[in-house]
Structure formats: C-alpha cells, structure tokens
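Which chain is which? They are A, B, C, D, E and F, in the order written, and residues in each are numbered from 1.
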Amino acid sequence: MSFERTQGRAADALRPVQLQRRYTRHAEGSVLVSFGHTRVLCTASVEERVPPHKRGSGEGWVTAEYGMLPRATHTRGDREAARGKQSGRTQEIQRLIGRSLRCVVDLAALGERTITLDCDVLQADGGTRTAAITGAWVALHDAVTGLLASGRVARSPLRDAVAAVSVGIVDGTPLLDLEYVEDAACDTDMNVVMTGAGGFVEVQGTAEGAAFSRAEMDRLLALADAGIRRLVEAQRAALAQPLPDA
Amino acid sequence: MSFERTQGRAADALRPVQLQRRYTRHAEGSVLVSFGHTRVLCTASVEERVPPHKRGSGEGWVTAEYGMLPRATHTRGDREAARGKQSGRTQEIQRLIGRSLRCVVDLAALGERTITLDCDVLQADGGTRTAAITGAWVALHDAVTGLLASGRVARSPLRDAVAAVSVGIVDGTPLLDLEYVEDAACDTDMNVVMTGAGGFVEVQGTAEGAAFSRAEMDRLLALADAGIRRLVEAQRAALAQPLPDA
Amino acid sequence: MSFERTQGRAADALRPVQLQRRYTRHAEGSVLVSFGHTRVLCTASVEERVPPHKRGSGEGWVTAEYGMLPRATHTRGDREAARGKQSGRTQEIQRLIGRSLRCVVDLAALGERTITLDCDVLQADGGTRTAAITGAWVALHDAVTGLLASGRVARSPLRDAVAAVSVGIVDGTPLLDLEYVEDAACDTDMNVVMTGAGGFVEVQGTAEGAAFSRAEMDRLLALADAGIRRLVEAQRAALAQPLPDA
Amino acid sequence: MSFERTQGRAADALRPVQLQRRYTRHAEGSVLVSFGHTRVLCTASVEERVPPHKRGSGEGWVTAEYGMLPRATHTRGDREAARGKQSGRTQEIQRLIGRSLRCVVDLAALGERTITLDCDVLQADGGTRTAAITGAWVALHDAVTGLLASGRVARSPLRDAVAAVSVGIVDGTPLLDLEYVEDAACDTDMNVVMTGAGGFVEVQGTAEGAAFSRAEMDRLLALADAGIRRLVEAQRAALAQPLPDA
Amino acid sequence: MSFERTQGRAADALRPVQLQRRYTRHAEGSVLVSFGHTRVLCTASVEERVPPHKRGSGEGWVTAEYGMLPRATHTRGDREAARGKQSGRTQEIQRLIGRSLRCVVDLAALGERTITLDCDVLQADGGTRTAAITGAWVALHDAVTGLLASGRVARSPLRDAVAAVSVGIVDGTPLLDLEYVEDAACDTDMNVVMTGAGGFVEVQGTAEGAAFSRAEMDRLLALADAGIRRLVEAQRAALAQPLPDA
Amino acid sequence: MSFERTQGRAADALRPVQLQRRYTRHAEGSVLVSFGHTRVLCTASVEERVPPHKRGSGEGWVTAEYGMLPRATHTRGDREAARGKQSGRTQEIQRLIGRSLRCVVDLAALGERTITLDCDVLQADGGTRTAAITGAWVALHDAVTGLLASGRVARSPLRDAVAAVSVGIVDGTPLLDLEYVEDAACDTDMNVVMTGAGGFVEVQGTAEGAAFSRAEMDRLLALADAGIRRLVEAQRAALAQPLPDA
C-alpha cells in the first residue's frame, strides 16, 4: 500500500501553484510564489554595479539571497540576523538559486549590472528552495522586461526559463513536490532544476536512510521532468497576463 | 501655503489601515498590517519557557524582533543576516516594540511562557515601527485568545490595547502618520505609543533640523492622540471579525 | 508623602555638576563631566576626512560613540569588546548623543572633517547619557575653538549650546536628574535634550509600569526645562575659565 | 577529438589513490588520503558526549568538519579562522561529508558518543570533497576498530563502506575523477557518493555552462559507479594491512 | 652622545609614579595608576563564581581584561567594541597581566571566587601594560583586604607584591621606563615583571631592529630590577595610607 | 635526582629535527618541520602587493599566520574557523613568528611584495611555535631563492638565519626543547629566538609557579644558545640539499 497524500493528491501531482506578480511595489520584479502552503516572496533588484570579479569584464552578474522568517515554520526558529550568521543550510540554498538562474542568463547581454534575487520564505511547508527558484525566474523576467523597455539592454539576456521541483520516495512510493510531512518521512529526497528546453541544471539527490538504487533514481528523474514541464507552463501563463498594479 | 499630501490626504488623516488576521498559518497569531503602502507581517509565537531573568519568577515575558526585507525599500539594503549583525536602528525599533507591548501585559497572568512578536517589513513607506506596534498587538491578542481557549492561562494577561503613530512637522504643518517622502522632508519627527485608555507609553520626538518648541510639541501630541484613538478602533473592529481560515 | 532623595535633595534640584576641561592631553577636546557620582569622560577628536555619505559635499560630520567601563556599575558587566558586539542600549545611546550634537552644528561651516565624541562612563549612577551629551558639547566647543585658532574653520559651526537631563516620576513625585536608585524605582522615565535657546532637540519618554498622562508629561517637561537652563549655565561657566594645563 | 589528460590518463581512469593510515598519532583514526596531487588529512575523534538533539536517545552522532590550508591551492586563499567565518562552500562540503558517513552508520550501535571527522586539505588539485569522504571512512573504520577492541561498542556500527568520486564532461568527453584544470574547464560537474554495495548516497550534478541531457547524466553515473567500486577496493586493501606505528 | 630624555630625566630614572586608590566607588578595588602621562584605571571585581576549569576544585581564579579608550592616544584608534573584536595586541596584554598577578596569588587560599582586574587606559604615553600590572596589584590588594575584613577568606591569598617596568636601548643607551617617543625609537624593548622578593615573573624582550647581545640584555635586566624595587616601594607606600573616600 | 626524559634524552639535547623541503607543491616555499613528534607545515606565499602601511614605501612585508588542526592534540580542540575567531594564544604566536622573521629581513631589498608564512600544526607535542619559526625560515629562504632566480629581487633580503627553541626548568633541572609532558610540568618556561650570528631576537620567559631567579635565567639562556646553534646548522644542512620534487 502506498502513502496517502494530503487531500488525496496523486503521487505525480504538483500542489496548487500560484505566481503573483508585482506583489510589492519597489522592486524591479516581485513575485509571491506558492507551492501549496509554501509561500516565498521573490524580488529582483537591479543595481548598476558588479562584484569585483566582474569589473571591467563587460559582463553582469546574477545572484541570490535566501531567508526564512522566524515563524515561517511550525515552531519558531532563530532569526539569523540576531544570531549574527547565516546557517550552512541557508548558504547552500542561496548558492543553488544563484547558480540555477545564472545558467539561463547571458551575462554579456546583461551588461555590467547586477540583478539580486531575494527569496524570503513567508510560510514553509516543504519545497521552499524549489518554489524560490521557480518564482525568482519570473521576478527576474519582469526585471529584464523593464531593462528592455528602458533601453538599458538591447536584447534579453534570458536564454530560457528555469524551474525546480522536489521529488522523493516515501514508504516505497516516488512522490512529486513533497510537502513538509512527506519530506520529513522520506527515504530519498531529490531536488531537480531544469530549463524550459528540458535540460538539467542541478540534480541533488540525498539518501536519508538507506542508499537508493539506480532504478529509483530513474523514476524520480522522470517524475521531476514531468513536474517541471508543468511549472514552466505556469511561469509562462503568469507572464502572459498584464502586470498588475502594485 | 501648507504641504500637499499624496492623494489630497488631510493633515490629520491616517492612511488606509488594514489588519489582516491569520495571514500565515503556523503562528499562534499572525497579522499583516498596512498603513497605506507600508506593510508589516507581525507573528506572535508562544513558547513554554522564559529568559534567564524570569526563571522561577512565575512571570512570563513578551519580546519583539524586527526586520526589513532587503527590497522592502526603494533601493535594496543589505540583508542583516548576511552582514552578520543587526543595525542600531533595528535594535532600537525592536526594543521599542517590546517595551510598548509589555506595558499592557500582566506578566504574572501570562505565567512562565514567552510570546515573541516578529515584525517583518514586506514593504516600507514610512511608519514601519508604528505599524508594527499596532499590528503586533492584534497578533498578540490572537495568541492570548488561543491560550485562554486551551486553558493554559486562566484570565487574559492583556490589560489594554496599545497602538502607535508617527507625527511630524513638514514645511511648518503638523501632519499625522507620515509616509516616506514626508518623513524625509520633516523638521520634527515624533513617534507616539498610547494605550486604549489614552495613556502615553512612549513619546520619542526628534528635531531633524531646527529644535522644536513646546507649542509645536503640543500640537503634535494632540494629532497623535486623535490618530491613535482611530487605530485602536481599527484594532477592535478587526478582532470583532471571526478568525479567517489560513 | 513623597519620595526621600539622597542627602535631602529637592525634587527639582540637580546633583552637583562638574565639567573638568582638558582632563586628558591628546584629544582636541577632553571633558570629565560629573552629575553627582556619575562620571563620563568625553573626548572630541578632529579628523580630516568624512564618512562616504558626506564625501564631496563640502560638509563635515559629527558623530558619537559610547561605552561603559565594565566596573563602572555596582556589579561588573561584560566588556563589549570581549563579547564582540555593542548592546542595543549602547547603540541607542550613541545614536542619541550624535543626533543631539548635530542639531546645533552647521555642518557646512565645519567643512569636510569629522569630529567624533567618545563618551566613556568611568562611574555610573544614573543619567549617563544626559551627562554625556552635556559634557560632550563642552568638549566639542574646545575642539572648535582649536579649529578657529588654527584658521581651519573661518567661523564657528556651533549655532547654540545643547544639554540634557533625565526626569521621572517616583512614587507619584516628579523628580529632576534621577540617580540610579531613583531610575530603578520610577514609573515614568524621560530624557530631554534642549538647546541653549530653550528649543527641544529630543524628548524620549517611557512608561516603565503604568502609562502616563498628559498632565504628568507636562510637569516633567517643565522640570526638565528648568534643569537644562542651569546645565547650560554650567557649560558657559566652565568655558569662561582659561583652559587648564593637561 | 577528445580532451588530453595529464600523463595520458584514460577518460575512465582514477588518479593514483593512496590511503596512509595512522598519519598522526593522537587521533583514534588518522588517514592521509591522496587522489593524485590532492591530499587530505582525515582524523576521527571519539568523544563520550552527543549534541543536544541526541541526548538521552541512546544513539550517537557522526559529524564532519572541513578546512583548506591557506596555501593548499595555487594562489593563497584567506585563512577562514582569521576572516572569522567559514565560507558557504566550506559549510556545504562539511555537511555533505557528514551526511555521507552517517548513511552507513548505525547510530544506535554506536551508543551515546560522537565521532568527528576533521578533513583538512594539505594540497588541492580537484576532488577534495570526494577524497575527504573516501579517506574519512577509513579513519572512521580505524576509530570503530578501537571502540570494538576496548569493548566500548559491542558490534560494529558500520553497515557498509562509503566512497566518492567526481565526474564531469570536458569538451564533450565524460571524464572520471577530475583534477583541477579539468574541473575548471568542465561544462558539467557531478559528485557521486556510493556505498560498498553500490547504492547511491548523494548525487550532486551541476551544469556549469549549458544544461546537460539525461543521456549525459547516464554516462556520468556509469563512470562514477565504476570508479567508486575501485575506490572501495582501495579502502579494503588499506584496511587489510596492519596498522603502522605512528 | 646619549639620548636626551624629556625634562632631563636620567637614563635609570622612573617617571613620576602615582597610585590613587578608590578612584571609583563601586569596585572592590579601584586604582588610577600614573607613570608620567600614562594613566590606567585598574579595578578589581570580586565575583562568587569560577570559570568552568576551576569548578569544584576549591580554588579561585584571577584574570584580567585590558582596553584603551579610543582617544587615549595621539590619534584616535578604533573602538574595539564597535569593530567587534579585540586586537591581538590587546589579548596579548591582558593575558600577560593575568599571568603576572596569578603568579603571586595562592588560588586555594582565595577559595572558589574570581577576581577580575579591568585595566582601562585613559591616557597613553608608553608603558601601559607595565603601569597596568603595577596598579592592578594594588587594586587586587584592596579587594583582598575587603575579603579578609568580611571574613570571606581566612588568610590573605597574596604571597608577594608584583610590579613591572619597560626598559629599552635607544641610540645605544639603555633606558628605564620608556615613554612613547622612546618606545617608538628604540632598538630593543623589554618588559620585565618581578615580585617584591626580586624574582622574575615575566621577561619579554624583543629586538625591534638589529638583534641584541647577551651583554645588552644583562644591562637591561639590571636597570629593570632597580626600577621595580622602587615601584614596589611605591605600592607599599600607597597601601600604607588610609583608604580615601570615594 | 633530576627529571627522567623520554627515551633517556639528555637535559641539553634537542629532539630529532627534520626539515622536509617542498612538502607541498603550490607554495613558493613549503617545509614540514619536525621537532620529535611535533610537526608543523610551513608554507611561504609570495604576493605582489603590500598592506596599506607599506604602500608606496618601496618596502615589502613579511607576516605569519598560525593554526592548529583540531586533532593535532591529545584531545580534540575547537576549530577556530568554526568558532569564528582566533584565540589569544593563536594571535600571540603568529605575531611572534612574524616579528622573528622580519628581524632578519631587509624589507627594502624585498621590494613592494608580501611573503606570508602559514604555519599549520599537523601534530603537537610541545614547542610548536619554536618549530614553526625554525621551519618557516627555511620556507622563506626557498621563496627568496625563487625571487632571486626569476630576477624579481636583485639581492637576497635575508640578512641572517633565525631559529627558536624552548627551555624550561622541570623539578629543578633546566631542560632544552621541552616536549608536551615536560611543558605541562615545568616551573619556568622560556622561548628564545636567535639569529645565526648568535644575537637575541626574542626572549619570552614565564614563571609558571614560583618566580625564577637571575641564576636560573642565565642557565636557561645558555642552554637555548647552544640548542639554537644546532638548529641553525640543521637549517643550513637542509638548504645544502637540492630541492626535491614535489
């Protein structure tokens, strides 16, 4: 017998996905992404400067920062600003988001400017990093649209879409888009980041208990592939709408 | 001629106030407060422990932490968690919020538990600290209602409401509830915190340019007093509604 | 019956005030200020550079730092340098001192240089921040006199004097210039900073227990006003003396 | 034409592997592992205490810390102890090493004690994290042998071996065990951790430039699988030797 | 021709020494020590607890902390509390002071309590660490006298006096008790700490330019020996006076 | 009866000394130095830049950093990078190493470049700082040889050799080159740094229990002098060998 998901969700079903553009008014791009109860505010900020390793290169930079509000979770966690440092987990996630987005950006076309994606989790229920990547790409797209409109870039530096989802094996059943209770219970957990064209950007699989087999990995990759196709459709549908008022 | 406010707002008018309860689902109280474009997420977290100075006292503790998302503002600010420390401004504000709330709480009636109010600014347009106090009190009230419902406290530790507003003199005109451009332009800036019964909890007045007179101070205090009465009404109206689903 | 003060001090009396100029020899201004047993060493240091936000502006900067020796107090406190960070209280106080002094300085007349006021508490008995402001202004004055004498500034950037005092209500009696035991016992505590001309620079009132009324606030402001007039006289008397040898 | 490797190494060949046991004398396990010019000192330290989340659980803990000597690399890097924090990369690696080892340890059989694997890179030439995992497992094995010999554990908590290797695609050719120049040139980079029984523990694949296809991933996983089998043989061969004098 | 000292001081002469007891009122011992223009406030704080490595040992602990006010020096230095860490020089000095005092204390006779000597430099003109040791011992003596008077210790834990002085070779001339300009000009610099009985506690000699010979070292040690005898006399003379009012 | 040393070592005998050049391949100089079981990896890194206080001076800089691997010692110590700061002991040692090496370097002959000596203790058994100085000088020599060979410096900036040893009194017997158990047991402990020509660079003597006499000091200095002569011979012998392959 397989694992029973919340509200009878199928093993290969995503949670309801929402991509609410212009959620805040100051940022060049601002998207509230929801994967079920997981909600992440992703803002894109354009700054006319680059980090030292890019100065004079003619190329720009795209980077990300990640944070979790202290009570985004079931029990309150420490505020990282008060503790005085970011956890290893936080740094790992923000490095992943940054790499994932840079993979679809032509930094030369961006020119010597930086776009920073701030991904702040308002409410957590599993999959915060995959929701963050998926939402941040939409925020990045809105920021790029602004750069094109103002003539600051001549052609879009975005080569493709990028989105992400988690997959895992719970009680022997491969599941798509794990929520928190599934994540806590799973034997194997994999985060997959793919482009709109279906190429892999990142694959991070971890055995939580026993090691996993090649066959299990193949099933998880197939689930992720199908899920990401639907996420990319959701990104495109969101961008097809007119930008709402802030 | 006096200063022209956005959308023809009167000098003694508040911006539109919203208090959206149960904005997130995990916290014992969770309120999104809006003062115009300023939006602060206030969560109340109940924990069954107290800081060292209260251990064994039979009394509880109420404290606050404050943060600003990096792109809550017109230009992106540093993430305090990444910089590794909270600014003096952040610490000053979170100490103010904590003191203001404790002034209306009977810590003995709360028992040996801590309620932490996390006030995180999603969008800033002036008055983030006063919005935070006003919203945090509603979140605190919802958390206390939960403690009463579960029988963990026998009577409400809340002695009164507390709310706050900023006032200032811009081009010689005393104004209520300053938005960002007014705050940046003002000569004198005052944050006032008052109880539902009309007592003063905190008065923090600062001359930005020239010193201010006693007469100016009196006019500002009167403006604040009237504004806070309306904020307390808004708090009560919000609490009179049934708690929405998360 | 009202509260009995140490040595029969009247409710509206200051403690003995001393302003010992040139207490140390290296600084451009150096004043040991005493409010009773509270003793704060205030030095003014002139540096020919400005912080980034003033570069190229033609204006100077005045800033303050505050510290408390570990055994300035009844029981030893942590050394902030050893703990690796300044407390919220320390930051709040040094920001207050800096703002208060800048309010009476014409930064354009100062030119592109910085004057830093270091206020270090050698012995604490209540009112360290108000003593610091009062003494720091005298140190600042001595530093400015040096700049005028050497021709580095053409006219004094000091527009007025500034001094500060605390007031509070203890057992129902409004008291001027609280010493430590009074501060610990008071219901309402207010720090007031005023110019020589009698304008308000900062008013920071805090209800420690119950909220305070408008009438109480008025009585406290009147007490502070009278006290600050006497402090400004003491500043002027100290400056009227020849500068002692170091 | 495919990429030419140093000293004519075949695309599917490991660099020379050495596992020098008891490299230092104080640690319960101490292994200098070499993958070609990459050299990592791995020590296992047994302590009779556990972190808070394991106290009273009857279970032990296995954790890892990673560091790189400042001049392990071609150009000198900052010393993390002097900078005052570990980089995101360092934290990511030490979390990976810890998870990988815990996957083959029965924490209940270990009992309430902690084994810490310190992996310090003396010389870096690509693959430091995979060498560290491979060497740390041997150090862990020696520490466990000591616990068995002294009767502190009744049966070995080690369920299997674990080893790791990097694979990547350089100029279209999939290569095993990348050295530094290959790592810098590669399009896709994957670190794979597997058990002695051939199960996957971690798979971390990253597209450096273009995204990678499922077919490329399959070829990389096959290369890694074969390489890890040989590494596990090398671990077993090293453990079959008598423990040298320190 | 030899080096000309300020005010014609002889090569083997100390600067004027002052030991002003009860300089502040809260500490169990409080001494303002002056070696010429160098002035250090040394307070001794008694606390009824010991650090972890002494718990349950029946022994006490004596430790020291050292700080320099930012404008104790000719040009303003950073405030260590604001920078967030103590410099290597500060740590070196406070470790030296602590070791020097412990050398003359019977920790078992002290019982399980800690005496902390805070040495804060109000004005620096060379020799701050030697003045600190010399003054701190007097503050420690006053604290011990209080413990004896209150019966908390049965016999004095002080086995002897301890004092310190710097010596150095400037332009070929060995000099006693270097002031700042001499210290900056010297070839060899030595800090010597000795007991009242004439035993060595610490000898720290450093060649600033060329290495120094055994003969030079012998001359410096002889100078230091004679100087410390006079400092110990000054300590005894200060303690022979009745304790002044604070 | 005097103290019995390990393996019958004479009181005035060094432990076996090894200086293994080119221990690692990337650094301009790299020496593994052993004093018995104490092993320190010393690398010299040449960088074409100088710290701010040397910019534009035409002079170079030589500095050192010191670290101890967590399990270099009998029981595991904290990793300083993880704790977020270097201990006072670490800073004291690295400052000593830097000063000792600079004493024999002509910084003008070095030109505007920096040589950093990283001294990392792989295994500790007493005398890590003296081994570090002795080994670092050889690494520095190899780096300088490279600069001469490439024509970047015209003449050697090394004016002499420098080496160091510890001496101490254990149970009344003066001993040369203390190992850990001797160091822990000794009454007086002295680290001596001398040049090849026999001049003193640093003398740091510390009484651990009772103060020490001038006669004891003289015996310790004589022991150290003889020991350092032999260490300088060992340095010269090591440098007389051809540089091995890495």
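Methods note: a residue touches a chain if its C-beta (ideal position, glycine included) is under 8 Å from a C-beta of that chain, and two chains touch if they have at least 3 such contacts.
Molecules present, by chain and UniProt name: A, B, C, D, E, F = Ribonuclease PH.
The structure displayed is predicted, hence computed values, not measured ones.
Novice: Just how many steps, at minimum, does a route from chain A to chain F need if it may pass only between touching chains?
Specialist: Between chain A and chain F, the shortest chain-hopping route counts 2.
Novice: Report the chain whose mean Cα position is at the greatest distance from that of chain C.
Specialist: Of all the other chains, the one whose centre lies farthest from chain C is D.
Novice: Taking each chain's centre as the mean of its C-alpha atoms, which one ends up farthest from the centre of chain E?
Specialist: A
Novice: What is the distance in Å between the mean C-alpha positions of chain A and chain E?
Specialist: Chain centroid spacing, chain A to chain E, equals 59 Å.
Novice: Using Cα averages as centroids, what's the distance between chain D and chain F in whole Å?
Specialist: Result: the chain centres lie 32 Å from each other.
Novice: Using CA atom averages as chain centres, what separation in Å is found between chain C and chain F?
Specialist: 51
Novice: Please set out, as single numbers or ranges, the residues of chain A touching at least two other chains.
Specialist: 84-85 - these are the residues of chain A that touch more than one other chain.
Novice: Once the touching pairs are worked out, the chains link into a ring; list them from chain A, going toward chain B first.
Specialist: A, B, C, E, F, D
Novice: Which bits of chain E are touching chain F when the two form their complex?
Specialist: Residue list for chain E touching chain F: 85, 88-89, 91-92, 94-95, 99, 103, 160, 190, 194-195, 197, 199-207, 209-214, 217, 221.
Novice: Using the touch definition up top, name the residues of chain A that touch chain B in the complex.
Specialist: Residues in contact with chain B: 24-27, 30, 37, 39, 41, 43, 45, 47, 65, 67, 69-76, 79-82, 84-86, 90, 116, 118, 120, 122-124.
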